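Here the chain labels run A, B and C in written order, and each chain numbers its own residues starting at 1.
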Amino acid sequence: MEVFLQQCVNAISLGGIYALLALGLAVVFSIVRLINFAHGEVMTIAGYAIWLALLSSVPVVAAIILGITVAMLASVAMERIAFRAMRGASVTSLLITSFAVSEIVKVLFQNGISARPVPIVLPAWMSGSINMGFLTISVMSLISIIVVAVSLVALSVILTRTTLGVAMRAAAEDFPVVRLVGIKANHVVALAFAISGALAGVAAVLWVAQRGSVDPLMGAAPVLKAFIATVLGGLGSLSGAVLGGFVVGAVEVFLQGYLPESVAPYREAISLSIIIGLLVLRPDGLWPAQNVNRS
Amino acid sequence: MMTKLTAKLAAVLFGTTLLAAPALAEDFVIGVTAAQSGWLATYDQPSYAGFKFCIDEINAKGGLGGKYKAVIDVRDTRSDTAEAVKVAQEFADKKVNFIVSPADGDPTMAMGQITSPAGIPTMTFAGTAPILTSVGEFVFGSYPGDNQQAAVLGAYAAELGYKTAWLLKSPDSSYTMKGPEYFGQVFEAKGGKVIGEGSFTLNQPDFSAIVTTIKALDPQPDVIATWAWEPDFPAFIKALRGAGVTTPVMGADVLDTPTVRGLGDVVNGIVHTSGGYPEPGSKHADFNARFKAATGMEADTNYVVNGCDIALMIDAAVTAAGSSDPKAVRDALANLKDSPGNMSNFTFAGTDRMPLRAVVLAKIENGQKTFIRRQLADPATMPKP
Amino acid sequence: MLSVEGLVVRYGPIEAVRGIDFTVNRGEVFALLGANGAGKSSTLAAIAGLVKPFAGRITYDGKPVSGLPPETLSRAGIGLVPEGRRIFASLTVAENLWLGGAAHGSTAERQQLQKEMEERFPILGERARQKAGLLSGGEQQMLAIARALMARPKLLLLDEPSLGLAPQMVEKVFDLIAAMRKEGLTILLVEQNVPMSLQIADRGIVLANGHIVVSGTGVELLHNSDVTNAYLAA
């Protein structure tokens, strides 16, 4: 029982990070129909920003805030430099553009810093654990879960209480009409990328804190999972992305925890099969977006 | 096909003419694959830096065997085995004299399937899976093999009084899969017992589930052994220590990097194998100093000095062969015995082309690599590949 | 107030509007009639900035506006109630209205205007917190018009406002158009309900295949046989 509860904590903690990343992908996709594969590189950029800050003896909290801010700016800059010129292009052209951006950023880090991982050392209390009687939770998992919860609440406040946030939800449904009422398209798109970048930044903080190193490929693996999560949740659906993130995280953790040793090597295949199975049952995703196809 | 046919025709028609051309014999072309990106870059890049440095030194002293100018043709593989195979084919077509393949067994084995039939000696930068030489007579290792490292590490674990071990493996590479298994064999031969194992995926995002499994083990193992590398090892050890598991952890030569040592408290006390240790006054320390003076870069991993030793091995083989002919070089290399290297001396004679070299046991203490001891693997307990 | 000269709208190789000229005077209801595919909606889209005209000039309030983006035109006072209503179904009724005025006026002005809208369309007040997608077709049309009015337009483009509505709702829509004109709004109306449109319109034109086939006052057009022919021909 204790192990099961512990695995549940692990699943929520990992799923939460996937949910943040998936949400970042979904926010952008819902508005500009861009599946942003460079999202992982936003994470990587945040990771290196934290590394550089810590290297320059910036206090941890400031380094973390800096990392998230840099991620936000990087995401907005990517839109400004690469994606704005492609606005309105087909989903495929946008996808390929994002691959290009992703490759460029990776190569910049490989050649500019190092292809090798660089270590990030966070204060010791962050890598400790807390005994909660029947359960020992690592501080990082706890922080992770709290941070994810706070981020999700903050995002929902932005999306329901601010004009641009409401405009973003409207734009996901029908962008031309949002422009027709006089709201500037560039503002809405920039906000979407800023939110997406901030979420990637938060995910990056949790990621590097748990893993202890940053490398140029850091963002690739989690964003692939997050992409699976957005598809599973329903492409373009924000609630779906969050749900998908938690499902992907749970599938990963429970298969790792409970699959017998003999079939363990097929874990990834089994986990993807489960997800394909879910998609066969619900082809539009677990929680599809409204009017995704209306142009 | 075309090229092979043309080459045969050329050999028949002009064979004598080609062999007689002295201008061609001056250059000794070494095809090198070094990943600029991807996970192999971590190991290929320092290896290549050391290799290039010593090839330059050798050229400055008159070349390989004192007469052949070494010319490096370096290619990026992006850590992609398919790309490595493509490059191998190009090297074979170009008829290079020697090939240095990536720092891992798997791409080296893939390349060896082309280069060995083509008769070009091929040496991995730092691949340590002992089975890597099984693909062909022309394929060589350079670093002490996993079975040598495991023999030394497993024996040391038993010597520390550990009775039970738990192995963390990944089926995604022969290194991460076979290394812990060799460790287990030696550990059991020395009276220990392997009480369980877990598996991970290379570049696995999260290790919390594995750690929970380890934490729930009753009784707890005395030691955990893994051949995991970056960024998986940092992620694993952070999660393990974060969950409050204090079981000692042992690992292989891949842990010999500043990144691992830079992880802070969580890596304190980790014991790992290594190919060498730069004791003051040693050739290794001398090399590191020369390298730093010339390049301005710290030789902060053993892959740098090992890269240099590969250049020395080629030089020793060419000297012994007295020729640049790939077959002659291969035979001379395979017969080298206690030939001097910077990191350690190397012996190919009597092995199946994985060199017998000293293994260093090291411990990470407060971010520093500390020396435990240096020893040759005991042939009696060394697992068969 | 609005003048269109030689307007051509193309979608790739397809020419939807092939050089039309007309002028809408301040304070009038101007009807744009024609069969499906005659080029009516494309004309409105070009005026509102949703498509860039291929050729021609659009002048609004004496300034050239062709090719400007929709957000600029909205800020200049051109409002469009698009065909099919296109309300934001997943947003609440109140959020729809709020967005309508988001780019216009101060927060206080917007709150005041929103209150007025909810008084003018009581159903929108009652359902303010409901998802707009749950409204009936007629209610959605009211919301779409109210959303456009939130931007305090000077020129309102209405694209098929009565399409698919129940008869008493259709009447309500036309009553509303009449009321808005009384309040001084200039209206460019695209409709398939020809008799009702021409009864209310001051002037109008009939399009067929992207060309103007006939123009005149509402009453003239109502009695012109070419108008009916234009529909039959399509």
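Convention: a contact is a pair of C-beta atoms (placed from the backbone, for glycine too) under 8 Å apart; a residue touches a chain by one contact, two chains touch by 3 or more.
As the structure is a computational prediction, the values presented were derived from the model and not from experiment.
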| item | value |
| --- | --- |
| Pairwise touch network: line, ring, star, complete, or other | line |
| Core chain by centroid distance, with centroids computed from Cα atoms only | A |
| Inter-centroid spacing, subunit C versus subunit B (mean Cα positions, whole Å) | 74 |
| Subunit A and subunit B: spacing of chain centres that average the CA atoms, whole Å | 36 |
| Centre distance in Å when subunit A and subunit C are each reduced to the mean of their C-alpha atoms | 41 |
| Contacts with two or more other chains, residues of subunit C listed in rising order | none |
| Numbers and ranges of subunit B residues touching at least 2 other chains | none |
| Residues on subunit C engaged by subunit A in the complex (per definition of touch) | 48-50, 69-71, 74-75, 79-80, 82, 86, 88-91, 95-96, 98-104, 133, 147-148, 150-151 |
| Subunit A residues within the subunit C interface of the complex | 163, 166-167, 169-170, 173-174, 176-185, 290-291 |
| Of subunit A, residues touching subunit B in the complex | 2-3, 6-7, 10, 13-14, 106-107, 110-111, 115-119, 121, 124, 127-129, 136, 138-141, 210-213, 215-218, 220-222, 225, 249, 252-254, 256-257, 261, 264-265, 267-268 |
| Subunit B residues touching subunit A - in the complex, by the definition given at the top | 35-39, 41-42, 45, 171, 197-199, 201, 203-206, 208-210, 212-213, 215-216, 230-231, 234-235, 237-239, 241-244, 257-266 |
